[in-house]
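The structure appears below as structure tokens.
Read from first to last, the chains carry the letters A, B, C, D and E; within each, the first residue is number 1.
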Amino acid sequence: MIRSFAFTTQGRLHTRDIDLFLMPTLLADTNLFLWVDFENPTPEEVQTILAGVFHFHPLSIEDCVTVSSSPKVEEYTPKEGDLFTPYLFMVIHAVDYKREDGKFATSELDFFLGKNFLVTYHQKPLRPVSVIEERCMKGAMQIARAPDRVAHSLLDMLVDGYKPALDELALEISDVEEKVLQHPDRQTFNHILQLKKKVLVLRQIISPQCEVLARFGAGEFKLIRPQLVPYFRDVYDSLRRINEMAQSYTDSLTGILQIYLNMSSNQTGEVVKLLTMITVITTPLMMIGTWYGMNFHDMPELSWRYGYLVAGIITVISTTLTYLYFKMKKWF
Amino acid sequence: MIRSFAFTTQGRLHTRDIDLFLMPTLLADTNLFLWVDFENPTPEEVQTILAGVFHFHPLSIEDCVTVSSSPKVEEYTPKEGDLFTPYLFMVIHAVDYKREDGKFATSELDFFLGKNFLVTYHQKPLRPVSVIEERCMKGAMQIARAPDRVAHSLLDMLVDGYKPALDELALEISDVEEKVLQHPDRQTFNHILQLKKKVLVLRQIISPQCEVLARFGAGEFKLIRPQLVPYFRDVYDSLRRINEMAQSYTDSLTGILQIYLNMSSNQTGEVVKLLTMITVITTPLMMIGTWYGMNFHDMPELSWRYGYLVAGIITVISTTLTYLYFKMKKWF
Amino acid sequence: MIRSFAFTTQGRLHTRDIDLFLMPTLLADTNLFLWVDFENPTPEEVQTILAGVFHFHPLSIEDCVTVSSSPKVEEYTPKEGDLFTPYLFMVIHAVDYKREDGKFATSELDFFLGKNFLVTYHQKPLRPVSVIEERCMKGAMQIARAPDRVAHSLLDMLVDGYKPALDELALEISDVEEKVLQHPDRQTFNHILQLKKKVLVLRQIISPQCEVLARFGAGEFKLIRPQLVPYFRDVYDSLRRINEMAQSYTDSLTGILQIYLNMSSNQTGEVVKLLTMITVITTPLMMIGTWYGMNFHDMPELSWRYGYLVAGIITVISTTLTYLYFKMKKWF
Amino acid sequence: MIRSFAFTTQGRLHTRDIDLFLMPTLLADTNLFLWVDFENPTPEEVQTILAGVFHFHPLSIEDCVTVSSSPKVEEYTPKEGDLFTPYLFMVIHAVDYKREDGKFATSELDFFLGKNFLVTYHQKPLRPVSVIEERCMKGAMQIARAPDRVAHSLLDMLVDGYKPALDELALEISDVEEKVLQHPDRQTFNHILQLKKKVLVLRQIISPQCEVLARFGAGEFKLIRPQLVPYFRDVYDSLRRINEMAQSYTDSLTGILQIYLNMSSNQTGEVVKLLTMITVITTPLMMIGTWYGMNFHDMPELSWRYGYLVAGIITVISTTLTYLYFKMKKWF
Amino acid sequence: MIRSFAFTTQGRLHTRDIDLFLMPTLLADTNLFLWVDFENPTPEEVQTILAGVFHFHPLSIEDCVTVSSSPKVEEYTPKEGDLFTPYLFMVIHAVDYKREDGKFATSELDFFLGKNFLVTYHQKPLRPVSVIEERCMKGAMQIARAPDRVAHSLLDMLVDGYKPALDELALEISDVEEKVLQHPDRQTFNHILQLKKKVLVLRQIISPQCEVLARFGAGEFKLIRPQLVPYFRDVYDSLRRINEMAQSYTDSLTGILQIYLNMSSNQTGEVVKLLTMITVITTPLMMIGTWYGMNFHDMPELSWRYGYLVAGIITVISTTLTYLYFKMKKWF
């Protein structure tokens, strides 16, 4: 599906759903700015417009069409014989995370940003795109004035979309932390490792996006007007903060893992303590009981009057002493 | 609440609590320097003065008003059509830590620093601000001469305010170290991990502040006069030292954790030793006792004259030997 | 074996299997581009052509002939007295991995890339080389136009050849992960370490190749025409992605190792629990049994009417209580 | 206490214990070089000379007077209105370590190095200073010719003074290593951690000094004449080597710690082995003994002629077999 | 001992064992190249030639004479008043390792490399030096033409001399790996740690040499003619590869250590398993045996007809069941 808009430099809508044959004319008009949005288009549509109307470099068209996990931004400057005007090509990813299925889904958004055009390309419907389109249609003239402003708004919303994923993850981490402190078992352990993996995946997604946005914030590209650079730096700053937060999640999880491992080794320690205590406390009784269970014909103690009583008393006293010993050593 | 002051370049107080309508006039007077301090102002106050009088860039006003955990400094140079004069916008954080509640609270302080004005903005009353205001009022002419000097004094006091938080933390760390060496238990372990987390949080606060101050110390900004740069470098140096100290706390805590883990594994080792010792020492008696408790009709030893005595002697001797064996092996 | 081709700048085949004496002539013709491919040649062939026809620098010829595990790229610019024209010398490696033998085999491919010639050198037949040769012969004029295009196609296919090796490895890793979760034993442990070693080896192979390709992607070499640089950057990008994937394998394996170690220490913990449980549960019976096995002449309980019954009841009750205690503590 | 010297550019002593009023005159004489050494001076002395005679920048005077743990070097170039001539201000630390008290004491040495003056400042008497003073007095004309030569000699001796501290530490480390290999106990463990801490402290002292000296070795300062730069580089080189040695100490201690932990876990393993061995070896006797201790009326074996003998033989054989089993498994 | 040679620029030997008084004359002759090799010389020889004939900078002479563990290269350019011509001073180390004594011995080789002279200095006879001398004498004119060629040949052989040391180490590592997999004991553990230390030492030797050679390979020095730079880069490349190999040894050893630690903890786990198994399997018999060993007068089971038989059957069945339980749990 293709949606296309032409705005005047005052941010007013000029035409929408532009006819293919009109595009080159509108594109040539410096008082207009053209936005073409591809959503899951057919290969022919792609070819006709990207190559036929805009004459983009074949490599960037190919990069746009193929799904890639690495964001990037490249500046294309026409050389002799090239038909295109200078443009930026950018690949960036939105992220989506649902606790139930526990996977980070990324959706790619590709930009071609020129002096007076913006081409966006995505497979699935993307909330930032539809929201910004609607705003522009409703007359958000601030935004609809120039392609770099629209690009900024899109990036801003896209980066905002990372936050719910992080919040979900934070919730899950605090859940697992609680579980570890209550009764740590093997499932908890696997859960921690799983979460670590997820945070790693998330950071592997965010960190290259960060690098790409940093270049915008540094004002590296001439196609972004200087007065918009601070706005792009703002987007970069919030993504960087998200990245740092994700980094701090890794640290939290490492801490939780350490707690788990310590508690599990403590548990074994406690079990061994119990075993030792029981063994030691019953030792006096077992020794006396076994000893006087012998069948020697001539064991004088057996026929002593208070033999049994004395044996009982000795048993009780030594058992009490071992018990007190452990009590003193704070074993329980 | 808004407090405002105008000082002459000799550091004398010219006017205070300046009327809103006078501000533009005073601002235009190059012989004066204007300091406006916002403490938890209403949105209208902010808008009227920051946008209306000073004409600051909307992005910096927004950054100022929103609470942010990342410090930053940005230089705004007017472009054609901009009404403001060049200024620095800076976000910096004071830190506060109380042992009872165990959390690091940060309070944000925002600066707008121009050639002849300084605007400070904070939500809560901040000690550095009130102290410096008082000093300026009392005629500390050295300070009140120029906005960069006031800014330096504010930053200096703010960085000084980090030290008590560090001292508190140092005390807590040495407490927990002592506890680990006396009787390490699970609470101690959790305490160590908690402290590690806190130090991490503190470092995450300090380290970006450091980066921001470094740029002042490097004399990067033209609005800071060269003769003041060494003073700013001094502030940076003390924050860097605080940062290094915080870093060394992490190392200490890692060491304490290792002691804890070793002592806890040593404890289990000791318990196992005790179990083994008791088992081995009682083994001779249990063997002989059990053996001669058998009811075979024809066990010659049972009817021997000294059978019981010999059994007793063998038991005592073997028990003593195992005891000596452990003694020799230094088990107790 | 030597295969040689001369293509026109339109990408048409001009001559193949060029006679040695013709080579210098063809080489001098700027309308032609010469591709000479050495596959396991004799030393004489090497000497005659590389030194005799192309006059390459002796060091680069030596580097080409010797097998080396480090890829490299060097630019040779003729100095006074040198007979060669400027050329790039490049060593790059294809990788091959078969699960059965479990080793990464690398095959070296050497390039000499000049303005109008390409010399490739390899010991074993290499798929990328034979495929590209065939394509050129069949009239893939796009490719056969210039030596840098052919070099790009070769590198592209060579880098593509890394993917199956990674996929094999990924399969093996998920296999071992499953084994760890089902029943971890010492073989699994050794397998994990073995895989870690393999991934390390793979990364040691890939990462220097990456560095070499990065220099192409950065447009560092004048012999690569600017319009081809984006293509080389593309090759570099895909190798970088492969490298990152290999890196993520190391992280996965570290996670699996942690699971293994935890499960193995959990197992010992479980065993100790079982020992303790059995010992504690049988303790009441053993104590009473041993005690009333004593042969004192005067043990009143023995002749009590319900003595045995009471002993039995006490045993059952205490055993049940210890059992319930463990039940409550969730030991089983 | 203040000691002051004026040397001619030939290195001959001109005056010593210079009168305060003469100083400005001597300072103005370009044929002389002035060395003023402060040892624990009164604040008035500091103020009179540093500010009154030399007119140093207030910040550097403050840095000089306050005790600081961070070395630094700063170049002060006079601006309009400043009375001082260009000078270098440097803070550097000597280190002292005695095994008995186990602490690294650092003593600060501050330099003000100008074209024809050197001011040194220290609280405690410092060996390098007194030695160099003596040498200069005794006519070591090579040194006494210029302030940068004296500064070099001072730094050289100061860096040399780090070596004994390192040697002490090396001795202690080899002591603790031996102890670990003989009989590792908890004290040894704590000692290792303590040493690690000390080495860390030492490295935290040395490493910033290194950075400061590196700047001298790089010839960054114009006040150091080019022909002296190699000498300063030499001082830097030896400090760097000391730093690397300290680094290698950390590695040694990590190794020793690993040995300790392994030996301690081995010990527990040995104890468990002993327990298991004793339990298993006594099992046959205990089983047979307990079984035939039963009081069933009709136990035919009890009345068999060779019943007891057979029981004995079975016991001996099974015990021997378990014994041999352990022997075979190399348990002892 | 001093050996000296003068070669013509065609690489022919002109004079050898040059008289001291002739040296300055030969040195002044630009058609000759002088090589002076010091092997364990007397201090007078050093002084007379290095200072008297060549007028080298005193610092470089001192560095040459003292034994140092850090390689370095420094460029000396004469300043006004200096008598020497520009030269490079270089310290580099050969390495020697014998398995029996298990230590890395390094021998220092110092170079003074000028436009038409090379001075080499070493304490012990060095194979590279004697080999290259011999080759030059035998008319290897390629080499004997210029000091940078000789220097390259020396460095090349010296770096080649690292390989046997590495091979020895590799052998030892694979030995210890095998031992760990067969029967790991404490000696093996200490051996692993020892090897780790050795590899560390080796890397500490190699890595600074690498840095020094890198500077040659980068063509940093004007005294090395451009056409020789690729040769030096080659030497650097092979040392870098050696360095990487040494690095990979550390990784191998870390892996071996992990195997050891895991096997040793597995062993304890196995021992505990055995203990538990024996205890649990004997429990039914011990319980029944102890219970019916009681002497209550009225224990009806004792006089039942099949009492003993039933007890026996119950014992056998429960023992079998526990046995099967462990069998099912794959304990043996």
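Side notes on the structure shown:
Going forward, contacts are C-beta pairs under 8 Å (C-beta built on N, C-alpha and C of every residue); 3 or more make two chains touch, one makes a residue touch a chain.
Keep in mind that what you see is a predicted model, and the values were worked out from it rather than measured.
In summary, no chain was found to touch both chain B and chain D. Chain A maps onto chain D through a rotation of 145 degrees [Cα fit, steps of 5, range 0 to 180]. Where the sister copies chain A and chain C meet, the same residue numbers recur on both sides for under half of the interface positions.
Averaging C-alpha coordinates per chain places the centre of chain B 43 Å away from that of chain C.
Counting partner chains per residue, chain B shows two or more touched chains at residues 265, 268, 272, 275, 279, 286, 290, 293-295, 299. The ring of chains, read from chain D with the first step to chain E, runs D, E, C, A, B. Interface residues of chain B facing chain D in the complex, by the touch rule stated above, are 226-227, 230-231, 234, 237, 240-241, 244, 248, 251-252, 255, 258-259, 262-263, 265-266, 268-269, 272-273, 275-276, 279-280, 283, 286-287, 290-291, 293-299, 330.
Partner chain A is touched in their complex by these residues of chain B: 57, 59, 63, 69-70, 72, 74, 79, 183, 186, 189-190, 193, 196-197, 200, 204, 261, 264-265, 267-268, 271-272, 274-275, 278-279, 282, 285-286, 288-290, 292-295, 299, 301-303, 305, 307-308, 311.
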